[in-house]
Amino acid sequence: MDLAKNRDVAASDTVPATAKDSAPEAVSGAERPTPLLDVRDVSVEFPTAGRDWVTSVQNVSFQLMPGESMALVGESGSGKTVTSLAVMGLTEATGGRLSSGSVTFDGNELTGRPAKEWRKVRGPGMGMIFQQPIRSLNPAYTVGDQIAESVRKHLGLSRRQAEAKSVEMLEMVQIPRAAERAKEYPHAFSGGMCQRVMIAMVMACNPRLLIADEPTTALDVTVQETILDLLRDVQQQTGVALLFISHDLAVVAEICQRVAVMYAGEVIESAPAVDLFFRPQHPYSSGLLASIPRPGLSVDRRLRTIPGGIPAPGTWPAGCRFAPRCEFAQSGRCDTTHPPLDVVSTGGLSRCLRADELALDGVVT
Amino acid sequence: MSLLEVKDVTKSFSTKRDFLGRRIGWTHAVKGVSFTLDAGECLAVVGESGAGKSTVGRIALRLIEPDSGSITFDGVDVRAARAQELRALRQRMQMIFQDPHSSLDPRMTIGDAVAEPLLVHTDRSRTERERQSAALLERVGLGSRYLGRYPAELSGGQLQRVAIARALALNPAMIVCDEPVAALDVSVRAQVLNLLRELQEDLGLAYLFVCHDLALVEVIADRVLVMAAGEVVEEGTVEQIFAAPQQEYTQRLLSAIPVPLPRDAMGNRITSIGERA
Amino acid sequence: MTEQEVDPRFPDPGDTPVGEVPGPDAEPELPTRPGILRSILRRRSTVVAAVFILLLIVVALAAPLLAPYDPTEQDLLIRLQGPSGAHWLGTDDYGRDALSRLIYGSRVSLWAGLQATGVALILGLPLGVLAGFYGRWLNVLLTRIMDAMMSTPSLVLAITIVAVLGGGITNAMLAIGLVMTPRFFRVARAGTMDVRHETYIEASIALGCSTWRTAVRHILPNVLPPIVLVISVSLGTAVSAEASLSFLGLGVVEPTPSWGSMLKTASSNMSLAPYLVWPPGIMIFLTVLAFTYLGDGVRRALTRSRSGRQD
Amino acid sequence: MLRYAGRRLLAAIPLLFVVPLLVFILIDRAPGDQAVVLAGENPTPERIASIREQLGLDDPLIVRYFDWVVHAIRGDLGTSLLSDQRVIDLLLRRMATTMSLVLVAMVMAVLVGAVLAILSAMRPGGFFDRFINWAASVAIAIPAFWFGLVLASLFAVTYQIFPPFGYQPMSEGFGTWLSYLVLPGIALGLLPAAEVALQLRSALGQVLKTDYVLNAEAKGLSRPTIVMKHGLKNAAIPVITVLGFRVAEVLAGSVTIEIVYNMPGLGQLAVDSVQNRDIPVLLGFVLFSTIVVVLVNLLVDISYGYFNPKVRS
């Protein structure tokens, strides 16, 4: 195992950030627990209208320890959802293809394995909940059926046992009158309730990894709060690891210990949440933090902005992909050299050439 | 006198139909809502989904016909206006929609879209219209080189700027903004909000700003109307609402806004980097 | 430029629009809008279909010049003769030349298709847009009526009309057209209702467009591509229906040649002259197929070029 | 559920009255004296008078119509002008033939069409998928009665695998019954089969792109389970709608097929009645067709309740 490369991935919170870059060899394979999920150099392509393929995620690597919660943060087109689908092995199912990299789950490399083996991992190994909970449930079957379906397939329960299990799971996600509601169809549930059902469905198979793709984006703020609370509870009770995909750093702060920020198809910064929020090492992270509107904190009623727009896949600039929008960019340097994801002074990883020269603003307190 | 005065409007919709297609099962979308909007002022209407806030915005323009109540715009009774008069009124009250990708006709160029209000309401020549739409595009921060583009070629933020340019074409006194930044990315959202703010200051526009995100409201609004289940829950200036919300519902909305401060292992918020050690 | 701070160190920020970093495809020129015709001609199947239909029209118009014999001229001495140098496709039970009848038959088929489809289009399209746009009771009422019409077996209605009004192709085709009306209605209505809920329709109302302008400028262009497909499919259906009626002896009146009546002759002489079955059937088949492919090609081209997208 | 079905039935019943009314209006509007026209060549005055009397042509349209309706409800559809047999008897005697033909054709269409569509959807864009798509769109262009002629000339005349013409009732044995129906059934079923294949494939294509199918993938379900369980039930709705309308067309198509295969069904009866202007028989045929269509549409409506739980509530 290439340990130098291993550093790319900021270790979990338990490892002091500063200790890492000084002596990576000190962290021997024996002491260091095997990561639950190891994503290495994953690139994903999608077909365009012509016959070309355009890269939408490039060389993304990260690791997730058992029980850890980590966020992939980015705006539209950053590749965060594509990355999460690649982890689930659903790239082909969504029309794309994996052009490089590997996904290792619980010590088993899954990349290149036949679909059949992926299907054994999806469910009992890892499960996923989506942005549109209402659309993620099949309108033609009762929610109980849809939960029971998973457990019958993966845990081999009988029909009756599966029914009991689905009611139990609905109770776990705090749906009142669970036994009755299991017999209802998805259209009788609100968005927040559907997301609870989704969580129940995924957790029914006792997965070790839960991937949540913008699980609260389509919901009202008050409902968002309850779903985040529920996810935290579920994590505490079951010890499931959480890969949380979001565009909203404020939501991420509620639930994640570690954050990887994505921009234009690559990870541009990865650090423990505390570091990322208080001393970001990439101008984009800093800009994102500044554009979060917060009651009572907007100076002269203007939001700070990041100029320009997000480049679409296929139109990424040659140098630093953020350079055309970056107030700190230097011509001849930032617009020509594509920066590597490197360890910076805080111990995190940043894809900014000037990370150690700049003192970027963190979140305002 | 206020620019817009909405008094006691009520609107119910029905979702079910019987087998002859008659509507049954009425639900109230908006119940007895009243408010005023002064010239040059921004009134935010906030609430969660189903609160009826979008319906209120559309009723103000009579895009939705209310069941009862009155709407007065600049002294004119909007509800009594006939089709012709209503079209004339609509020169002065415009609207910007939530989804920029569907608020422009995909088969119309950007230039034609921005010039459409001029074509419909004025008798300006084609060249004059083109010149004007180019100027409008410049005004919202887009170059005139976008004139011949189709909406599919633009990003969400750019399209929302086009929609703003179109709304400005006839020098309106009021613009109803229906969640204008909800569909935009965080980094682009701030740009559009700031543009709206700047246009308001320069042109003295009044905004009826429909929004689900209370956090944004503070940046743009002068006054806030909090709605729930079709009714007004609380009304006040931005300062009142944020500093001293009177109603429990408003307090809940405010406290549910996620705070971008990470939590420690105990679930407590960390407010500075020092606390970690 | 409104609030963007342009870094002077960067080349060409001059016209950089706020909200977008210029990509390689963001050229300042007007996008070249592919001409409809060019777009149509890009698909080979569409071209082949179009050429076939064109040829068919030419053959129909120039039938007297092209046909080697008078299609109604009987010669009982050469009844039911197989294909030969003198009669390429053989002769029927009255000794008439099958090729000449086939050539003249194209007139009946095309004319029948045109009549029936015309009726259906003229009734169905406006009613569909009206029902979809206006909605409410009108929508319910018209939809109910159209559903009932759609449930009427077309041939049964045509037969009834022939029974009552007498033979001849025009009445029958009006009937077929009537039965096909709901297809146009449904597609026009569905297309209208699809865009009716698009925000840009609401936007056009909000900025003060008249109902007429909204319907014609914003709704109709979205309804047309699927309608083109329905037109072509309906032309095919009508050609088939005419053939069925004439086959039953309820369409064209003898001795007028039509593909359907030729098949009637073929069916009663099947054991003696099996070769008669093929040419008219293949012509009907190819005509219907060509209409379908042409319509599909035009629809694709319309969808592509009108939305300004490259695809 | 029952209440729902009852409501749909109630909504469909008017059709039974409206369609015959249209025929009455048509007859009324026809040029010339109906009785003279109907009596055929060289009629005797008595014959004209008896037809006039039989059709009640001296009464106003609405009276004639209501008279017919009242009798029809009692099961009396009048007597044939041609053979003096009761119309209801004529219909009943021939109904089995036509219904057998339509049934065989529809069953074949649904089975073949559905199987092809499902197999295509297993591997979208694969060779089989593209081939079926092409084959089905070509098949739609083939006129049914010509296809019937070709099948008959090939498999019944040239290679005598199937009996060429006619019909044997099921009482002669299931095999015999079926052997007479294979060729006409295929001829009549080809078009709806191709349509079902195309429609269901396209509906499945839509459904397989939905979030809930992606969710099913994420649950680790197998491809066949996803297509058959999560895909089919939702994709069936638009297909069934089309199928409902298609039955009317198949019924119409059975007329030509019956002529081609010389089957003693309702189609022949209808064509004879038209050629001889036998109005009571024609009206009976129209009523029968309408009843079948109404019943089928009722079935379609009820099946919505199964496929789409939202409808039930």
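We just call them A, B, C and D in the order they show up, numbering each chain from 1.
Note that contacts are C-beta pairs under 8 Å (C-beta built on N, C-alpha and C of every residue); 3 or more make two chains touch, one makes a residue touch a chain.
This one's a predicted model, so the numbers in the text were calculated from it and none came from an experiment.
> Any idea which chain sits dead centre by C-alpha averages?
C
> Tell me, please, which chain's centre (mean of its C-alpha atoms) is farthest from the centre of chain B?
D
> Can you work out the whole-Å distance between the CA centroids of chain C and chain D?
The separation of the two C-alpha centroids amounts to 24 Å.
> Averaging over Cα atoms per chain, report the distance between chain B and chain C in Å.
Measuring from centre to centre gives 44 Å for this pair.
> Just how far, in Å, is the C-alpha centre of chain B from the one of chain A?
Inter-chain centre distance comes to 32 Å.
> Just give me the whole-number Å value for how far the CA centre of chain A lies from that of chain D.
55
> What are the residue numbers in chain D that touch two or more other chains?
There are none in chain D.
> Mind pulling the residue numbers of chain C that touch at least two other chains?
Touching at least two other chains: 3-4, 18-20, 309.
> What parts of chain B, by residue number, touch at least two of the other chains?
Each of 20, 155, 157-158, 188, 191, 194 in chain B touches at least two other chains.
> Okay, in this complex, where on chain C does chain B touch?
Against chain B, chain C makes touches at 1-4, 15, 17-20, 28, 30-31, 137, 139-140, 198-200, 202-210, 213, 217-218, 221-222, 306-309.
> For chain A, which residues are in contact with chain D within the complex?
88, 90, 93-94, 115, 118-124, 127-128, 130, 132, 135-142, 149-150, 153-154, 185, 187-188, 198, 201-202
> Considering the complex alone, what residue numbers of chain B touch chain C?
Chain B residues touching chain C: 20-21, 61, 63, 87-88, 90-91, 94-95, 97-99, 102-107, 109, 116-117, 120-121, 140-143, 145-146, 148-155, 157-158, 161, 163, 166-167, 170, 188, 191, 194-195, 198.
> Mind listing the chain B positions that touch chain A in their complex?
For this pair, the touching residues of chain B are 48-49, 155-158, 185-191, 193-194, 197, 212-216, 218-220, 242, 252-254, 256-263, 267, 270-273, 276.
> Spell out the residues on chain C that touch chain D in their complex, using ranges where they run on.
148, 150-156, 159-165, 236, 240, 243-244, 247-250, 263, 266-267, 270-271, 274, 277-278, 280-281, 284-286, 288-289, 292
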